[in-house]
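Once you scroll down, you'll see the structures, which are given as structure tokens.
Below, chain A partners chain B and then partners chain C, in two separate complexes.
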Partner chain A sequence: MRQSSLRWHSKVTPWVFILPTVIGLFVFKLLPIVSALYLSFTEWSLLGSPHFIKLDNYRELLASDVFLRIVRNTVQFSLVYVIGSMAIGLALAVLINVKIRGIAFFRAAIYLPVVTSAVAVGIVWNWMLGPTYGVINIFIEAIGLTPPYWLADMKLALNTVAVVQVWKMSGYYMIIFLAGLQNINRDVLDSARVDGANAMQSFFRITVPMLKSTIFFILTITIIDSFKNFELIFAMTKGGPQNASNTLVYDVYLNAFVYYRVGYASAIAYVLFVIVGLMTIFNFYIRRHTVESLD
Partner chain B sequence: MKKRLAVLAVILLIVGTLFAAGTKDAKADGAPITLEWWTWDPIMMEQNQQIIAAFERDNPGVKINNTIVGTTDYWTKIRIQANQNKLPDVFTMSSGYVEEWAKEGLLYNLDSFVKSDDTFDLFYKSIFDTNKEISNSDSYYAIPFALVTTVLYYNKDAFDAAGLAYPNDSWTWDEFRSAAKKLTIDKNGDGKIDQWGYWFYGRYAHIEPWIFANGGYLIDRSTMRFSPDKNAMAAMKMLTDLVLVDKSAPAPKDMSAFQQQDVFPQGVAAMWVDGSWFVDTFRKNVGDDIRWGITRVPSGPNGSNTLTYGWPDSYALAPNTKHPEMAWKFARYVAGEGIGLDTYMAGKIPSAKKLATDPLFSDPNQQPGKDMDLLIEQAAGPMTTSYSMGWSEWRGYGGSEALGLNGTIDAIVNSLMSFDEAFKKSTDSINAVLKRYYK
Partner chain C sequence: MKQKTADRYRLLFIALVSAIYIFPFLWMVSNSFMSDKHIFSVPPKFIGDLLFTPQMFDNYKNVITQYNFGRYTFNSIWVFTLAAVGQVVVCSLAGFALSVMHFRGRNLIFSLLVITLMIPVQVTIIPEYYLFLKLGWLDTYLPLIIPSFLAGAFGTFMLKEFFSQVPRALFDAGIIDGVNAYQMFLRIYLPQSSSPSATLFIIAFMNNWNDLLRPMLYISSRKLYTVTVALSQFQGQYEVRWNLLLAGSVLSVLPLIIVFAFSQRYIIESTMSSGIKG
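Presenting the complex of A and B:
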């Protein structure tokens, strides 16, 4: 009798504990995802009711030269961001993975841009990149070169914003790389040194292979983070010049909250969803066939 | 007889009660009237509370709830309110959305009020009429509380240093271009311009005033298609030539480190055209560091600068407000009837005549002094705008400022495209936007 009541208790109790999370997941994640899918087949300005227009939004997207350019921009931004963030994050982690006096200051200083407002970062970089009084261009002129228009040149604007994003976020990945580095047994590196390995050999033959799990984890999150580029684009270029720095996320914002084309914005969001989904699946595939075999 | 009188008295009582109950806004049951009032400017919180206190004191039994949403989220939130049929009784309305909202039936038609009361004795009818024009209808859907216009700002110190007479209302484009060239100066001889004659980019408030002052238009109102006439094209060509030919204005790419509104007050440009509300900004941020004045945008060869590019800031009533009379009374009160000049941002022209004619509006102790009379003249004269449905998208405004027509003009002056190529390309994309709204 007593056992029976306990069995009931043990079945219900876990549900009670996870219920808030489950409700939150449904209300704030799954429901909007499903709603956005429906809205992507509608025309809706938030006023009145959504008007069902079948695949018209997707047809308009695929027929638009601007949209294809925006997709290319998004992929380009991701490439610069993922490669830049991982390379610089790892380099910084290796540099600060030393036990010297005052190293905490450097770790904090490198991490500082991560917690700085993206809008503030954008405004300050706008000043630094300014053609007339910008410190970067003054330096370039001082060494006898002609500086470019970093944010007004159609070939440079997107990469410039991506590099600023790399500068802002590298400190975050540095911390994760640092945790990975500190998990590597020092004895292995010491043994290699005793056996005559130089610093480069130790790094590429021991450190990097032993960091593979961390590297793939960071690859996954940098790919996902690379699509979160709205704030800097808003603060630095507003998608210009001539859509040269417009990305899928910024275009979702424009269509949803400036033009109030909620249906069209939802269709763009779903294209982004598919791209992120494919990249994540690819990432898992790579991980399964490389990292886990090494583990 | 007594019985008949008693029956009559009862009937009269019932009829009287029904009549009273049938009158809108009457407090038959003694219940207080509560009005919801939404605004977007957090700076106005204190003034709004003062306005509410005064209105509630004059109207016992009426309670006003003010919700200040903030400019960033205002339109998204109020659109959702509209969608849920829960619009506040009185709310701030932008000229950019009047047409769309009126067509969707989301604004109370104010014709019955303005045509039967003394509104046009107390407020400038011309500003109401501008709202009517913007709504693209024959009705009044919003009560303007202020008008903003566009003016030519000029730096008196720069003009004095160059030995030039100040601009005036009768200036021609040739005189303007000549002055702009003379005011473009490399002060320290390093080969870089330190003071430009003029500053502009593709922004609506920088371009349209010149188009309208030349008798041009961007949108053909009969077809609602982007079809700039030759006067509009001449105005835009003249402006882009300032950068590309005269070299008397900088390309926007050279000013990218500046907030656009800082170029003129920092002395980097001697002349600038923008909204009249910058009077307030300059008074607060620049003070008397530079001496400056305002005048009309110079007339083009084919037009007159007496036609002003301006637009009202307004209040609207919810179409389903339960208390239309009281909402209208409050809207009039807050639009100027019951408030003081101190609640206005300097440079915004009150639509209430008593405020606009207040001697303090042209306060001689503050810049630009008597030049402020120009704003009153503009308010009383003919006015036009370029608003349409989809305006933010095709014009390039706010988050899309680098795109649309704004981006097109920037591309020309930043030497990314030729004038003809840019307009050929943008005409199709702008009309694709307009076709969605005007099928």
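Presenting the complex of A and C:
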């Protein structure tokens, strides 16, 4: 596009501008990715030097029931998070896509948890979900039901944390959906109404198809974000009870910096890396074959 | 008239939904004004019993004097201001090069930035920790500042998109005046970017402020804690003193809520535009 303007800078100048970023890319991303692969074939406690043990860490992982449970937890957390965030994000966006005075206040209110630390979010939800004094259980008892032990229950802990994470982040996806909705030509919706389409029909036949590229964009980022659950798990359950809410990102931390099994933790990190990589490739594939052919 | 009633019902419904998002914050604030005696009362009291009494700020005083929250807030503010300024500078340099200049490897660098944006920090944290250990940077702020300086892929992406929308006429005017690359950046492109740069500064500041993993791993001296780490440690020690814990949470969240209140329009707009580009 700006081919004609090569003379305003020499060949070296762009590298002056981009050097810090390239250094960061190598030192904090590419090099660690390669070294983590090497470390995953070693036994190491951060002291001394890594001891090469070939595939032993991976063998141990595959034989470990705890690890298989953690992989299942990770997938379950991602499913709840992706489906929950997309459904609620879209519902909120449709609800709030209206020009009424005061709407900006509510929009900001729903966005507020996005900018709040996961630690503070975890603390206040722990307090509200507490077994005896928590406001949620007191309410459930008041209407005559038996409240569960949200975070102490083996079956419920993971889903509870995932739902809190959906609560925290749904405002973010709402805003992106809102941007997509506001790009839809209002005339199309108006003429559908004139033709006698009801709200349901125009939502599923017009709004959703026209939002296709936004939906895929949000699918991509919710999948990526669904792995970022370390902080909330740390603040709410520490992976418990008995690994019921432990996920791959939390387990990397636990093995590397609590148990000092750095080689083993690197193998877990690599399993995580491969899963994220496969998801990303899958996404690009879906995008290429569905969205772009329709546009 | 009919439209107006419909709007009114809709607004009421929106208000009810928003309550789900606001209630935990109100609950946090109101319980942080509760005395030890009343914090566990059943049925729960909705208004803190210390409010508007002479002991109103006792929990807060406790947290600030005994647990040093003032110091941790100050630590977070200066460290993360520095980190965010660095990120804005580095990202605008890179964003300018990637959007306006031509050079070999440009697409490769950009693709690598976007791809690495998707990798969770846990994949790279172990070698990163080892690097800072070997450099002797543990228990200093350098590991909290330097990665934020150098590895701001999100900000680079954001400013690249912005710079590529700067009107071509400005670029041509620069060329006619015979400016060099540095003048082109400093005099023509940078002055245009005050609004996205400010937004990036705030987003970077907030992300760093809320981060737990890095400060938890790299900072061990109590006096160097960031607010978020302090709160998390505080949680471990005072699990049963909920009124104090909630007062600490309010203190850790308050600075960001104030920043957000003044900048929410820009933050939400930048979220919207990054969405459209997807």
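The working rule: the second predicted complex is superposed on the first by the 285 of 295 C-alpha atoms of A that agree within 3 Å, B and C clash if a C-alpha of one lies under 4 Å from a C-alpha of the other, contacts with A are read in each partner's own complex, and residues count from 1 in each chain.
In this section, contacts are C-beta pairs under 8 Å (C-beta built on N, C-alpha and C of every residue); 3 or more make two chains touch, one makes a residue touch a chain.
If you're wondering where the values come from, they're calculated on a predicted model, not measured in any experiment.
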Clash or fit: what happens to chain B and chain C when chain A is overlaid? clash
Does the superposition put A:54 against chain B (first), chain C (second), both, or neither? neither
Classify the contacts of A:46 with the two partner chains as first (chain B alone), second (chain C alone), both, or neither. both
Look at A:92 in the shared chain and tell me whether it touches chain B only, chain C only, both, or neither; answer first, second, both or neither. second
After lining up the shared chain so the two structures overlap, which partner does A:186 touch, if you call chain B first and chain C second: first, second, both or neither? neither
Between chain B (first) and chain C (second), which does A:289 come into contact with in this model arrangement: first, second, both, or neither? neither
State whether A:239 touches chain B only (first), chain C only (second), both chains, or neither. first
Go through the superposed model and pick first if A:175 touches only chain B, second if only chain C, both, or neither. second
Identify the partner contact of A:155: answer first if only chain B is touched, second if only chain C is, both if each is, neither if none is. neither
Determine, for the superposed model, which of the two partners chain B and chain C contacts more residues of chain A. C
Determine, for the stretches 23-31, 149-157, 221-229 or 257-265 of chain C, which one clashes with chain B when the structures are superposed. 221-229
Give me the intersection of chain A's contacts with chain B and its contacts with chain C, in residue numbers. 46, 127, 132-133, 234, 253, 257
Contacting residues of chain A [partner chain C, same complex]: 2-3, 5-6, 8-11, 13-15, 17-18, 20-25, 27-33, 35-36, 39, 46, 92, 95-96, 98, 100, 102-104, 106-113, 115-121, 123-125, 127-128, 132-133, 135, 138, 142, 167, 171-172, 175-180, 183, 213-214, 216-218, 220-221, 224, 227-228, 230-231, 234-235, 248-249, 252-253, 256-257, 262, 265-266, 269-270, 272-273, 276, 280
Which stretch or stretches of chain C touch chain A in the complex? 7, 10-11, 13-15, 17-18, 20-22, 24-25, 27-28, 31, 39-40, 42-44, 90-91, 93-94, 96-98, 100-103, 106, 109, 112-113, 115-116, 118-120, 122-131, 133, 147, 149-153, 156, 171, 174-175, 179-182, 184-185, 206, 209-213, 217, 228, 231-232, 235, 242, 245-246, 249, 252-253, 256-257, 260-261, 264-265, 267-268, 271-276, 278
Touching chain B in the complex: which residues of chain A? 45-48, 66, 126-127, 129-134, 149, 151-152, 154, 234, 237-243, 246, 253-254, 257-260
Can you list the residues on chain B that touch chain A in the complex? 75-76, 79-80, 82-83, 100-101, 104, 106, 192, 251-258, 390, 392-393, 397-403, 407, 410-411, 414, 416-417, 429
